[in-house]
Amino acid sequence: MNDFGKIFRFTTFGESHGKAIGVVVDGVPAGLDIDEDFIQSEMDRRRPGKNKFATQRNEADKVEILSGVFEGKSTGTPIAMVIFNTNQKSRDYNNIKDVFRPGHADFTYWNKYGIRDYRGGGRSSARETAARVAVGAIAKLILKQLNITILSGVIEIGGIRGESVDFEFAKKSEIFALDKNKEEIWKEEIIKAKKEHDSLGGVVKLKIQNLPIGLGEPIYYKLDNILASAMMSINATKGIYIGNKDAHKLKGSQNNDEIRNDGFKTNNAGGILGGISDGEEIEMEIYFKPTPSIFKSQQTIDTHDNEIDFKLEGRHDPLVAIRGSVVTESMAAVVIADMLLLNMTRTMDNIKKLYS
Amino acid sequence: MNDFGKIFRFTTFGESHGKAIGVVVDGVPAGLDIDEDFIQSEMDRRRPGKNKFATQRNEADKVEILSGVFEGKSTGTPIAMVIFNTNQKSRDYNNIKDVFRPGHADFTYWNKYGIRDYRGGGRSSARETAARVAVGAIAKLILKQLNITILSGVIEIGGIRGESVDFEFAKKSEIFALDKNKEEIWKEEIIKAKKEHDSLGGVVKLKIQNLPIGLGEPIYYKLDNILASAMMSINATKGIYIGNKDAHKLKGSQNNDEIRNDGFKTNNAGGILGGISDGEEIEMEIYFKPTPSIFKSQQTIDTHDNEIDFKLEGRHDPLVAIRGSVVTESMAAVVIADMLLLNMTRTMDNIKKLYS
Amino acid sequence: MNDFGKIFRFTTFGESHGKAIGVVVDGVPAGLDIDEDFIQSEMDRRRPGKNKFATQRNEADKVEILSGVFEGKSTGTPIAMVIFNTNQKSRDYNNIKDVFRPGHADFTYWNKYGIRDYRGGGRSSARETAARVAVGAIAKLILKQLNITILSGVIEIGGIRGESVDFEFAKKSEIFALDKNKEEIWKEEIIKAKKEHDSLGGVVKLKIQNLPIGLGEPIYYKLDNILASAMMSINATKGIYIGNKDAHKLKGSQNNDEIRNDGFKTNNAGGILGGISDGEEIEMEIYFKPTPSIFKSQQTIDTHDNEIDFKLEGRHDPLVAIRGSVVTESMAAVVIADMLLLNMTRTMDNIKKLYS
Amino acid sequence: MNDFGKIFRFTTFGESHGKAIGVVVDGVPAGLDIDEDFIQSEMDRRRPGKNKFATQRNEADKVEILSGVFEGKSTGTPIAMVIFNTNQKSRDYNNIKDVFRPGHADFTYWNKYGIRDYRGGGRSSARETAARVAVGAIAKLILKQLNITILSGVIEIGGIRGESVDFEFAKKSEIFALDKNKEEIWKEEIIKAKKEHDSLGGVVKLKIQNLPIGLGEPIYYKLDNILASAMMSINATKGIYIGNKDAHKLKGSQNNDEIRNDGFKTNNAGGILGGISDGEEIEMEIYFKPTPSIFKSQQTIDTHDNEIDFKLEGRHDPLVAIRGSVVTESMAAVVIADMLLLNMTRTMDNIKKLYS
């Protein structure tokens, strides 16, 4: 089930070492200026091979739009975007052909489907998230029209938590660090882990600003449960938390956000009440496990049930949370785009406004 | 969007103080023995009014099956279940008619829909979860046929974390306590909070045992992201974590679960790899905020934009995580039932097996 | 799969001789006046037992609203409606317990599900269409706000085609006859068929007036293919045709509707071009097979593979097209309601209009 | 809404004169041999430019598979197929840039979306159906494994109805003629219409053989209403009929198919009872309007509300029913594939068979 969304709905396809990956986006409203440079700039933010804190696999990640755009504008028909894989190096992966890499999806894909594209993770590779960034960029173009912004950054690496939060700093940081005082320490941790042929986990903080009140469709398509679903579909995520991450430790009198005419006095709720945006900033955290691809010897089995010691070779991110940070923004953007469209249909007042 | 699931799909309806709440379950396989006593016993586990650790509002929560069952068996047609509200006491709620209770969905429902059933939360009331328990019971009846079991309990209350985990103990505990050594302390905390007219948050631990390998439909209907969506749709949940809740602090070499022929050596993954069950137990935590209904004076506004001080009266759970624990099981059960059915369609081998 | 629609979406449930039938409607916009008298009046139009041209089975078909309506208005939450079965007479049906009635769904339900509620057709009974009329009435209440009207009537009975079309006459006719000159002949045909213990087929004509341009979501949720799906889901329908029913016999120069500034010169298209409403009236025909329930001896088999001669007893419509006519309106109404809502989300202009 | 299906689900994209058209197919069971030659042979059956009875626009319609296939087999991940447009000749279409061609979707797309890719119909072009044939070929590969076959042909052209039906003859006929005695007459009619710069309508007959009993998901995803939806989504279709096309003229005693142990004595039902396949052949007719593209002067308006006389130039099929015949098979195949998969989940027996 490779689709996501109800009205703003997309389907991704492609394997890490196949011909191409891509996405078809349905439900993009007509008349949207499709800024291809912006789309590419988003791709570049996630693109591997840029610095020593990411995998050295170098992919141009050039997006080609095949449909749905005419004279620079969306036409209301599906927008298909393809990214051809240019740096497959299939030979790198022959050693893992029959091996179930620990922490990877090899074992489960094989057991579920009885067949597996073993070249670099195939469909389960984080490379799939490039397609999410492409569709996320389309969603962001819609959000821009309403001055909605999405920000993200890394707030914890290897168990070391940042204390201050500066999304502007994160934008320029090579590791999207939210705490400028921790950036160097975090970088050192990453370099150290690389040297040890190991990897690190991390935490991403996400913020959505200037959201209208009213987004979210209770009871099972709430803004929070769909954001949760969106984030937890990203490779290597293991948890999420919305609003004050200590809410479950607080008392009601501490956690409730009191209300004044100019808004809420606090934002422990993280901008969502009853599954619906309340006008405050959406705030959430996303927890990434350490990259499963490490270069130490590990015990595993192969497809013939042999127990073996296995040592991975190749090029991998020491910390997926960094590039994952961009992907969380993309997933947030597609959720918000969908919620914006759904919410338009919820009152007779709106119907009368548009059909009179 | 009050429906959930793809094949095993249900739609809930009803307000806390309307005539009834209920659920229509579509896609229940034909030939399932519908054990009404079991369904009612599940309802009773979640039912309010049983002890001093839950709201004193007393609802019989008697489930009436209207369709889809014939001579004790499911027929493959929709099973409609209704629970008539017997203890509405609408007068209790007149004082909140125009008030936006802090921490509640009043403010957002009003702003989204322009109208609100103000009687006790209406649709946004946790009473809706009774319908989830009814459908969850149907799902559990399917799971029983495959010896799949779901367990839950409370592992943290008011910031006090349990150390040992005993699901059998939790079953018998009035507060579904997982740690028998903490039960008394937790109870005292709850009583104390009640006396202070306040409420507490908590953490639920959930376990699914004996799951076949292969459940979960990548990339956007993974077992983990749909479990996340299911849990985060429950009232008062703010976060979830799957597997070892410190995974993001670990190194890859610590977190990867090595594989032997008799299974995984550890289960940091919590039973899911690449969005697909790996044969180990599913383990997850669900974080509940403190009940927003407290009986202290709070600042808020009303529907006429008056800033007021407001003090709630009535009957409410001091800790939603307790009865919420049962609801997490129900939501887990419906997710697993759906995933079981979807997975049947994924290989040509299965097709040939059933159509030869 | 007992649900229909994308945004205005409903799920029906219930068997003809179970406790109740009903429907849950999700996505009804908030703020709609719910006129219960109108809903009941629609039920009464379809209700059996009114005259000798319909089954003598007498059902009150009283609709009870369980949720989603507050102080007379829709709240945006699901509207559940239940119709309790009051005239089940289960004993009538013991003779068909093991028999597959020719022309009925008995054989296929049994083979598909391995179990069958044999009391009067169970789920496959046309009684299910009462739930459609209830939800159709909700949809019509929305359409009324935009002055959209839906009309229907019978244009052919037993192979005798009407020549003139008068929807106002049909409203008052006991058999919803569109041709006043044929009404008596048709009635005689029906009486004759009844006397012969036989049944008749017929054709319904449907018209939708005052539709805005732009409804319909190409390529697979076009206005025409979803109308087709809606109509063909009604019991006993075998065909549909949109627009001039001889279009396939015409030349392009005859069939194309030329365009002037005040609209189309003709309406061979039946109001739909490229799957989207063009502002002309929607016109379509729906073809109903003769009621399969006849009182003549027929050859069939039973569940034990015995070949038998079988003669039905009971009460049945000699012509389902008559009451089916009301159901076609209901299905048209739900399709249009859904298309109205979907179409609101299709342009950036609309987004800006509602979120500025 | 450019997607179709529930489990076997596809999304098409692309405009007639954009870079490419294509389709992403999700839910293809793993382990299916993907015979690319067969896929291409299906494309060739629909391909234009082959003879004088079709448009002279010559497209190679070469399908390129981008994903989801590994070492010749489906892997269970989405199969993306792209057909690059090689013969766009955009200049041909400058004359229609601002004109609403009668009988086309120009008027409605413009009014719905406020923007239109005017090059040759854009998204509303019948070129989109090439993508359907590609996905239909995948579906046929599944059906072949179960010996299910789908046949089609033309039974009526320009109002001249065939009398005999020979699907084997149709396969070899340039115009897919079902009646060998009518083939020459029909060809002459087509040539005559072409000479008159006009076009013709026609009727396609479709047959599905060797279907298991039990396919179809009542009440709103019945085999018949989804086949209807599928067919009516094809360009230029205006009607469909399932089974004996005179059923609505018959009496119940004539139309009911009596049952013996070796099957039904007749097949007026066209192989479907209660929305579920009954083991007999599925038979249906699909009614195509004449191609709207004619080369005679017609009255219309342009986007600036000017009333004009307009004469089309270019290359078009005189009769879309011919190539449309292939597309009806493709749509039938995707419906059956989806129904096969859905039906697997409908009984506890099947669940136990696959999970024991």
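We just call them A, B, C and D in the order they show up, numbering each chain from 1.
As a working rule, contacts are C-beta pairs under 8 Å (C-beta built on N, C-alpha and C of every residue); 3 or more make two chains touch, one makes a residue touch a chain.
Here the structure is a predicted model, which is why all the values come from computation and not from measurement.
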As a test of understanding: of all chains, whose mean C-alpha position lies farthest from that of chain D? B
If you tally C-beta contacts across B-C and across A-B, the winner is A-B
Where the centres are mean C-alpha positions, what is the separation of chain A from chain B, in Å? 26
Where chain B and chain C are represented by their mean Cα positions, the distance between them in whole Å: 38
What are the residue numbers in chain B that touch two or more other chains? 1-3, 6, 12, 27, 30-31, 74, 76-77, 109, 112-114, 123, 218, 342, 346-347, 349
Per the contact definition, I'd like the list of chain C residues that touch chain B in the complex. 1-3, 9, 11-15, 18-22, 24, 26-27, 30-31, 64-68, 70, 73-80, 82, 109, 112-117, 122-123
Please give the residue numbers of chain B that touch chain A in the complex, ascending. 1-4, 6, 12, 100, 102-105, 107-109, 111-114, 123-124, 128, 156, 158-159, 193, 196, 198-203, 213-214, 216-222, 224-233, 237-245, 247-261, 265, 268-270, 272-279, 287-294, 296, 298-301, 305, 307, 321, 342-343, 346-347, 349
Along chain B, where are the residues that touch chain D in the complex? 6-7, 27, 29-32, 74, 76-77, 142, 145-146, 212, 218, 340-342, 344-355
